[in-house]
Amino acid sequence: MNTTAQMASGQDPTTGAQERKDRIGDVLLRVENITLRFGGVKAINGVSFDIRKGEVRSIIGPNGAGKSSMLNCINGFYQPQEGSIWYNGKTYSPMRPHDAATNGIARTFQNIALFKGMSTLDNIMTGRILKQKASLIEQAFYFGRGKSEEIEHREFVEDIIDFLEIQAIRKTPVGRLPYGLQKRVELGRALAAEPTLLLLDEPMAGMNLEEKEDMSRFIIDVNEHFGTTIALIEHDMGVVMDLSDRLVVLDYGSLLADGTPEEVRGNQAVIDAYLGVAHD
Amino acid sequence: METIATLLGVDPFDLWFFVEVLVGGLMAGVMYSLVALGFVLIFKASSVFNFAQGVMVLFAALNFVGFLDMGIPVWLCFILAMGVMVLLSFVIERVVLRPLVNQPHISLFMATIGIAIFLEGFGEMLWGSSIKPLDVGIPDDVFFLGEAMIQQNDMFAAVVASVLVIALALFFHYTRIGRALRAVADDHQAALSIGIPLNHIWIIVWSVAGFVALVAGIMWGSKLGVQFSLTVLALKALPVLILGGFTSIPGAIVGGLIIGAGEKLSEIYLVDAIQSFYPSFSGAIEEWFAYILALAFLVFRPQGLFGEKIIERV
Amino acid sequence: MIYREAGQFKTSYAADQQMLPIPMDRWFVIAVVVFAAVVVPLIGSQYWLESILIPVLILSIAALGLNILTGYAGQLSLGTGGFMAAGAYMSYKVATNMPDFMPVWVPVLIGGLFAAGIGIVFGLPSLRIKGFYLAVATLAAQFFLIWLFQAVPWFVNDSLSGVPSTPPMAILGYKVTGAEAQPEPKYLFVLAFTIVLAIVARNMARSRIGRSWMAIRDMDIAAELIGIQPLWTKLSAFAISSFYCGVAGALWSFCYINSVEPTAFSINRSFQILFMVIIGGLGSVLGSFLGAAFIFLLPIFLNNVPAWFGLELATDIVTHIEFMVFGGAIIFFLIVEPHGLARLWQIAKEKLRLWPFPH
Amino acid sequence: MTGSQIYTAAAIPPAAHLPDIDTYDTFPKLLRYNAAHIGDRPSMREKNFGIWKTWSWKQVKDEIFKFAAGMQALGVQRGDRIAIVGDNCPRLYWTICMAQCLGAVPVPVYQDSVAEEIHYPLSHSEARFAVVEDQEQVDKLLSIKDRLPHLEAIVYDESRGVRDYPQPFLHHYDAVVAKGAEILDAHPHQIDQEIDKGSADDPSIIPYTSGTTGNPKGVLLSFRNVMRAAYNGARFEGLKATDESLAYLPIAWIGDHIFSYGQAYVCGMCVACPESSDTVLTDLRELGPTYFFAPPRMFENILTTVMIRMEDAGTIKRGMFKYFMDHARKVGVRILDGAPVSLMDRIKYALGEILVYGPLKNVLGFSRVRIGYTAGEAIGPDIFAFYRSIGINLKQLYGSTEASVFVTIQPNGEIYDDTVGTPAPEVEIRIAESGEVLFRSPSVFMEYFKNPEATKDTKTPDGWVHTGDAGFIDDRGHLKIIDRAKDVGKLNNGTLFAPKYIENKLKFFPAIKEVVAFGHERDYCACFINIDLEAVGNWAERNNISYASYQELSAHPEVYKTIKSHVEQVNRDLAGEEMVAGSQIHRFLLLPKMLDADDGELTRTSKVRRSFIAEKYETMISALYDPAATTASIRSEITFEDGRKGMLEATVNITDTQTVPVQGQVAAAAE
């Protein structure tokens, strides 16, 4: 036993920061010159940036800056007219929802998009759908993989339920849950897919301080424990600056700045945009 | 097997025969349009897909005939029947719409199916279920356009329908309520700012739809007699709506005409063509022509001819 | 009140995910099934078996089918009658042309499969349209299919009347179809189908496919982004739903009306089954049974009740009352309990579980 | 200290179905016995991830052996102390047995204590190792680690949040077990050999008692102590391997050690751990234990909840409930005790069982309870009768850490709500002249660890232990406890004053939560009363009385009126008992705040800290004894729910009460 010599109590902050840096790896996803138009309106205008493996990347910007549209392009819900998305060695122009899902891109939504008629457990189980392979007959008669998969994935889902501390609402229909818990269930559903890249669209919108703290903790834990890369849209600047490794700032659909929290904080264009200097 | 045209002893490729079929079809289409018009009014104002519109036609006609049989003068019958429709609007608003406000549209849709069933039973309970001939003095002679034989009552219906559409257009354009109804179709809040409670708007719009139903019921009743089968015919208004778009009054008219003419023409010419390859083909495609046409539209142009495109956002 | 759940805990997910996780419920359902399979055929009169139980069971199967499509997958359909007809006509065709050694259930299943195929075709528009738009599309199926089976005499082996009687078929020497069959074997034949199909429906509802349906129903966009493919999910719902309807249609022709006729599968049948699903409970297997029983038995009840009080009501009046009651019941349930009789049952059950506490 | 009579238990036959604890004389040996004889029966369950994960005796043995081997590799030696901190969970129970396998002594510590409170037992016991539940406990230990020179390694169960801690002395449970498994593969008999070295008189555990004053004392118990107590309790009640219990009380408490560990090993029965401390009631309902222990407070809370939930029921249901509960009160206890009851009453009771009692027991999770215990303080007679009347075999027992729990138990069929029962098997009881209760048994503790002074004060050389409680054996042979011996005082006129006795009588009223009685060396008895916010609040709601705070509700005249009637009822009771008739309550006031452990007014086990309160509320007490004062004021610091501090300033009314004249004395009648 090596004893008293190394018994410094508490955590050494530098060790943690170093570990974080070590965890961030190569580029996982690169958005290349994306332009998205609705009718004549350009929601996104030639934006490029990348997301590295293991990092927490935030997309910030004023309302209507095209942040949600950006996430929608990344996971294929919107198909941009121009540009392409390079992801894990392949170029997609555009990305399709099914490509995104099968490649491990999961997301949560700004306005909660849970399956209201189902329980918490079932909602999270839907996140496992791509991993279930039982045939129709096996499901219909609940034998073979039809049964074994249900149990196997239930175990996985229970881990998530435990992780998110939502044991007590396991069998409650999600429609009856308060807002903060619904957000948590939605995160659980996304996690159930064991995503490589997790897109979080305003995970803390409408939450009180305590709920925000909980959610921040979950996001950090997800990033650290599962090594999940996270792309985050959030309005609370304090949260963003604390959580993110790097930020992308969008304004009126264009890229305004890209860099570490410190760099972005000092960027004049960003300060102008946030202070509402008139555009012309 | 002989074709319908040969049975009738005419040459199907005779121009006048074609005109006759086309006009007959268009006239049937006017009837569909009248029912569809009621649907559109309600849908525009409240996003309720009123499945009961067809039954309202029957119900209105039953009331009208019932009053007429009591020996009441025609004009008074009309007013009485209209009164019943307004009363019905009140009841529907109070009992069905108000409790279901903010429910999914599909629930309201199913509720109107409930209304349809209820009214069917209720109407026949009041007035009996036998077929009732209806004669309000609409001429039912025929006249000839060139060599094509045209029913006078068809022409009459066309005229009435035209008048009705113009009247509605004026109502929507030049009255305060009409403008409110148009506003509510776009934005419920806007309608409130005009100062008319939503509940009143519903009652008014259902009453207007009731009025349209009454007119349609009298037209159809004069032609076919007032009977249960009216509701089945009224189902044809559904494909009309798909073609015309749910929110478009002109769409309802044009859709009705296309379907009316299309099903009559296809019954003659399409069946004829098929029977030349497959003689045992029995025809009667009129039963489904409208629906399959609508289906084709749904797959290739879901918003209909005049409807607006729907964009989904997350 | 009758529940004793203390100590009935689950030590494995297999136990927690059983079809009926509460032992009390399990015993109750087993008792009901045993009663239906053993006691009912012994004590049931011909009237009860042939005129009530057989049609209620068959309609339950159809309601299960529509519930899969509408209740679970959220796709409204008014074409149930058409899909039932598809099953009935195709199974007639198979039954009258198949070699003798083929078992009786083969034509029924083939009828179901044929209906499933038709369902897929008419389900295709569901990829682009929803709600009442889809309802209109399914109406097309209803009218077109009924017309089709009358227009193509091949289905009825070119029978002159167009309304042929269904042939008698037997299992182990007991006739189970057609007019000459005894009520008991016929009833058991139908019951067997009902039980198996109900179990299958329940299994699907708690498996991946059921969750995919419900996900599409509740939030189709989110479902798609999770990786649920709308195409496959909706078409599978149409196919499986139509399969159930097809089997129900075949049984209706072979075991209840003993003939194949289009009027049995008219638009009114479609509505009847839709009402069963709404009143019974959308998205509930139990609801399909409760709804079928309610809708089918109510007219019988209305016909008999006045007589108990010495009243004589004309048949058409009773029909009108029936319409009004149905219409009223649908509106009532949509407003008061959108999840239908099944939810009422559920609430009663919860009350009993918490007894004597109110909640 | 001599001269009085010695009371003993009636002899009961040895239990043939239990293992011979003279042969299997340590818990690790019992573990081997159980694994060999009932290896496939469940030993432990834990609600986790939505299901009750279950381990058989065989699995438990394998797990403990591996864990022990792993810990041995970490350096655990015979005689070491191993601290255990955490909520009830199987791995911590296994830690107890693991330590005993290796000849180390487990030191369980109250898991809800703050770091400072944990420090004493860890440093006093010189624990070299700690096995803890999760990040919360790890953090606590890390914060005091500097002052724990003996502590070498910490093993944690749940890795969440701890995974990235850099300290090299932190070990994950799984890693230790994995290491142990490797070692056992190479040396399969290593742990068996260690177990064989153990014997009955080795120390088995050191629970620390939570003293009301001073530092806690470590009570050193041998295997013989704990095992005889567990064995005697088990054969007294006929416990079997098929029994199940729910372990939810602190592991550090001796009761839990006997009920959830000792008796489980002796009988081979199954112990289940709840999902978390918040879900105990739900888990209780699911599990439906057959053997259940709860402090009176918990039974009281459950009963209050039952009554409140029934308020919401419809009229018919409420009427039915009342009717059958009345009937149960009439005959329920007699039926449970096997006394003669008329056929009609039995039929009515059976009907009640179907409609009320059965379902009620079911929703509470008591359907299967064969034996229920309550102890720690006196239970309200109404509460006690309620549970017994609906057919739950609830009993009181009297015991202490020094006795390895059992001193007296109420035998079946001899349950009286005012006594704590007859001496437990192998226990001898004697009443000292001062009124103090003394006992002697094979389960009497060895010594206070590293504290010979205290040992000498408590335990006589011939093995008698001072309980510190005053009491007497009544003519039925049952022990009746009046109060703490040191708390029993005298009024100025010489009358015996037993504050706890008076307080408990008052606390039996649902509206009263807490009472502090004064009277020692005073002219009369007076008291502070805390109303029960839940019960009184509920009453206020039904009567449309609005209130903004506890303080406001307490000051309400109607509330005062109700409490006054309760106090007068108690006075009438006291008047009927010769020994205490003189100590009727003359005046009382309702405190403006709840007595709270965070303010130091209660102990962590919710016992009143009399002297602290006397000091803090000094102004109020003097007002109670100032005949001219009609109000009393207080100014003091309080702690809010969220931990913030604040100042409380309040003035409350004092109410005089009616007392009953007692023969030979003239009671002062209130004007």
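Going by the order they are written in, the chains are A, B, C and D; count residues from 1 in each one.
Basically, a residue touches a chain if its C-beta (ideal position, glycine included) is under 8 Å from a C-beta of that chain, and two chains touch if they have at least 3 such contacts.
Nothing here was measured: the structure is a model prediction, and the numbers come from that model.
Visitor: From chain B, which chain is the farthest off, judged by mean CA positions?
Guide: D
Visitor: Have a look at A-C versus A-D and report the one with more C-beta pairs in contact.
Guide: Output for the comparison: A-C.
Visitor: Could you work out how far the Cα centre of chain A sits from that of chain D, in whole Å?
Guide: 47
Visitor: Rounded to the nearest whole Å, what is the centre-to-centre distance of chain A and chain C, using the mean of the C-alpha atoms as each centre?
Guide: Centre separation, chain A to chain C: 42 Å.
Visitor: If you average the CA atoms of chain A and of chain B, how far apart do the two points sit, in angstrom?
Guide: 51
Visitor: Go ahead and note the Å separation of the Cα centroids belonging to chain B and chain D.
Guide: That pair's centroid distance is 78 Å.
Visitor: Which positions in chain A are in touch with at least two other chains?
Guide: Expected reply: 77, 109, 113, 154-155, 158.
Visitor: Note the residues in chain B that touch 2 or more other chains, in rising order.
Guide: If we look for residues of chain B contacting two or more partner chains, we find 314.
Visitor: Which positions in chain C are in touch with at least two other chains?
Guide: In chain C, 12-13, 16, 221 touch at least two other chains.
Visitor: Flag every residue of chain A that touches chain D in the complex, lowest number first.
Guide: Those residues of chain A that touch chain D are 1-4, 6-12, 15-16, 19, 121, 154-155, 158-159, 161-163, 167-168, 170, 221, 224-225.
Visitor: Can you list the chain D residues touching chain C in their complex?
Guide: That would be residues 45, 50-54, 244, 285-288, 306, 309-310, 312-314, 317, 320-321, 354-356, 358-368 of chain D.
Visitor: Quick one: which bits of chain B touch chain C in the complex? Just the residue numbers, please.
Guide: Interface residues on the chain B side: 49, 51, 95-96, 99-100, 103, 105-107, 109-111, 113-122, 124-125, 128-129, 232, 235, 238-239, 241-242, 280-285, 287-288, 291-292, 294-295, 298-299, 302, 312, 314.
Visitor: Name, in rising order, each residue of chain C that touches chain A in their complex.
Guide: 12-14, 16-17, 19, 199-200, 203-204, 206-209, 211-212, 214-215, 217-219, 221-229, 236, 283
Visitor: Quick one: in the complex, what on chain A touches chain C?
Guide: Listed in rising order, the residues are 75-77, 97-98, 100-102, 106-107, 109, 113-118, 122, 125-127, 129-130, 132, 134, 136, 139-142, 146-147, 149-151, 154-155, 158, 189, 193.
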